[in-house]
């Protein structure tokens, strides 16, 4: 008998436009001491399963059929009181964002003690002792003094440790971890996953680890269940599912994961479920202005740029705290190359993108494009020229398109603003761009909310191409997207370089993607450039310890086997 | 959510069809309270607009007034003249129904104009404050904070008092309505400014604004073309609730004798007049204007309340 | 934390200076004080003498400084209408307003918070729906109508309670109180309900929406996932977080009780400062208006300062 057993679970959300089946007849079982991965793309229904186990489905969601059993006893359909005595005591949950899962107005001790006493019949003193032991166990240094601190005094990783301690308060049998490391940096992510692994072994807890990240699955889990569109498509030992997937969807999903080991010409695209999109960037080349790239001279020169932000606003100058986001960074970008910038959050990589694009005023240094100074924002004429030459693709396609504007207005805005074309010619250019990025001309008359994430990112690309720029800044262009969509977007970007000769600045925290995309890579740490090398050289023989440690943290996807080249 | 709904080649719908199909319209069709409120509010607004056509008498035309008609109870013939008035008459023999229609006109005019004034000022101040930040923001928001310390009704009274002191006596009655609009409008902008500022600060950091800046768009087009349409839904909610508040504020000021003058009576003025006769038995002079005021304020408030819930579905 | 408090105090002082400037400007520019104080028969000599006497011949900043000094001294000039020092008039009438505000403020806060919390927790019960509907009627019913209605029912029809005035009052030092006599207490009931009802509905609706917002937060979901009881979640976790925004607005509401007292005092002919002020506005009695403004701003700024300090007590993030 399994610890937790889910049989034929179906969860439905009645909506205005009919019943939406979030989970469709799913089966799942977890053994003690086992980490069971639940993987799938957004909308696959994996978080809904977690909520259903906890009895915390958002209204109006309901379990339409099936059963959830804990140690053989059915727990689905229990009443609210019975369910509450189960939650926290026998099943715990860890949420994605440690910044919002702790009550800001209570100390860590208060939150731990109240949880312990809610479940175990112990004295105040005993509860305090347990709280201290737990904080110590999850690896928070100096537990005695940190217990009386408030959540805002902890860093993100430490907060997630507190959340784990809270989940352990009453010796639960099952822990559901819903994307527990997605909000954290790679280095912290590895530590938290190790902690979960240790705890599972030590306490013989069954863990359901919900994630979208194949790397996390490969590194941490014993068994894995793959979901697609609310259905379980495959379940089995992690090494089997990852190494030799049986289902067509799992196969294409795993193929789409960028590999750190080898550079491919193109990414294999997910074709399952008829989701393949055709785009034709090469057709754009016919109308694209021919640029003669002079390889001897850099297209963009970044010279000693510096940017400081005010961290704490004060009434008086000496009351303020400053923080140097980018500190005296210099590099050149050659025409036609893809130049990568990698680093953890807060390393200053996005700030650099915004400085080059002129969204931020520089506090020091200069930026030259095609031999002309472009970092002087007061030179309006030069700025106007520069604006036509560079464009940017942003991280979050849900926020980078104005929801109140129609797609044709969005794509045409740069053309109209610079008065590049008029009348019918604008519409023709817009239609052509939308056609070439694979959306079709009829997309022009819709609004952004009618499109999915990947489609929106293609609208953003169409907008970026509207002025026929020579230089494109991509700021984490795929980190908000599912892995299958990521492949599609990256292939478009590769085509832009290949067929249109675009020069690119590619910013990412994802090293495997960087290896696939970039010609040269700069590594940033705390506002400084620590290493700059040709991509292959950097990955094969990093010069600095920091780069080496970053490379060591990459998910070890050896088990995944080699991916086919999508070319 | 799923790709299947978006890749289908549906024909672009007309604006009207879109509006009808929108979640807001759907929520409206399912809420009897909202429908009744809208019906009541629209009836009152239309009655006010077409008052000269609907009203049986013109209460401001001295030629039609007959003091003998004074204090006629509703639907009873007058003891002296034998005239019957549906809702009775007041002390000067004016038909209560007609004075309500004309009073409604003034109340609604002042309410709408004051909200428009407060909205325009507040939205601009909020956009500028939220978009530019820095000392501009500090200046605008500190001013707002100081004003917010003082309840709007008090601010309105002060503005009214000052304006009354500044205008020459012979113009005071003529100016009263405009002063009232100014007073209520100026006391009202803070609400809009705060909400628009907050929303603007959220929108400003969204990538579509950065994309527009990257294209080279200037601050004014970004504020008005990009950000404004995205912060309008809370503005709509506040405007509705403000309308109710402005109507009540106007009635209150007029009731206190610092609002609409007796020559241009609003609902508040009518209630002020009626209060004197309530205890001597002539209840209808107060009762009907009071009911009209309540119906107006309540229906607008209900609409605002419904709108807030409908635009923020998480609340339910 | 210290710099936070210093900043708040500084801001309060600035607010008082600005309000003082408005009050002073009213004095100087709203109507001509000379016109107001001298009758029709006056000579140029009279005018000049009075100008010098009032200090109107001095430069603006000097005049303003003197005005502030005088105000701090409790000297706010002489009422145009009553010919008595404004400070005396206000001191005489202030107890009536403060007693009324105190009682209705307590009513509004107590019932507002309790009803707000209850309706937020039980979102869909029939009681909640009834309370919410009644509260909307309450918000839509102007205060003066509530007052008239209460008078009509309880004074005219039922003849239970007085319809105007304060009843018998007792002099305690400089303070006149209506709390100590039966007629004083009876007279207080209707005005206190009238004044408190509107504020109560506002506070209730605010508490409810803030609480519902807090109940949707991740940490409440996590508290639920840890198996804490609903009682603990509602009254420990949610309520404390609700109080942060509620306190600010409640501070403002308490301030507005004093301002809304103007209306209630008019309806019930309650002999407080509100009635004084509305008469001053009607007759453009500028010194009384200015003094009322100064007095009320000191009160408001004081309330806001207390609110800011309460904030620090509740929210550890501000203690830094």
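In this document, chain identifiers A, B and C correspond to the written order of the chains, with residue numbering beginning at 1 in each.
As a convention for this text, a contact is a pair of C-beta atoms (placed from the backbone, for glycine too) under 8 Å apart; a residue touches a chain by one contact, two chains touch by 3 or more.
Remember, it's a predicted structure, so these values are computed and weren't measured experimentally.
Q: What chains do chain A and chain B have as common neighbours?
A: The shared contacts of chain A and chain B, listed by label, come to C.
Q: Greatest Cα-centroid separation from chain B: which chain?
A: Most remote chain from chain B, centroid-wise, comes out as A.
Q: Check B-C against A-C and say which one is joined by more contacting C-beta pairs.
A: So, comparing the two chain pairs, more contacts are at B-C.
Q: Per the centroid of Cα atoms for each chain, what is the distance between chain A and chain B, given in Å?
A: Distance between chain centres, rounded to whole Å: 46 Å.
Q: Indicate the whole-number Å distance between the mean C-alpha point of chain B and the mean C-alpha point of chain C.
A: That gives a centre separation of 24 Å.
Q: What is the distance in Å between the mean C-alpha positions of chain A and chain C?
A: Here the centre of chain C sits 51 Å away from the centre of chain A.
Q: Got the chain C residues that touch at least 2 other chains?
A: If we look for residues of chain C contacting two or more partner chains, we find none.
Q: Tell me, which parts of chain B touch chain C in their complex?
A: Against chain C, the touching part of chain B is residues 142, 146, 148-151, 153-154, 157-158, 160-162, 164-166, 244, 248, 251-252, 255-258, 268, 271, 275, 278-279, 286, 290, 293-294, 297-298, 300-302, 305, 314-315.
Q: In the complex, go through chain A and note every residue touching chain C.
A: 54, 56, 84-89, 92-93, 95, 97, 100-107, 114-115, 118-119, 150, 152, 163, 166-167, 169-170, 314-315, 319
Q: Where on chain C is chain B touching in the complex?
A: Against chain B, chain C makes touches at 11, 15, 18-19, 26, 29-31, 136-137, 139-145, 148, 152, 156, 209, 212, 216, 252, 255-256, 259-260, 262-263, 266, 277-278, 280-282, 284, 286, 289, 293, 296-297, 300-301, 304.
Q: Note which residues of chain B are touching chain A in the complex, please.
A: Residues 1-3, 6, 9, 12, 23, 26, 206-208, 210-217, 226, 229-230.
Q: What residues on chain C touch chain A, complex-wise?
A: Against chain A, the touching part of chain C is residues 3, 7, 10, 217-219, 221-230, 232, 236-237, 240-241, 244, 314-317.
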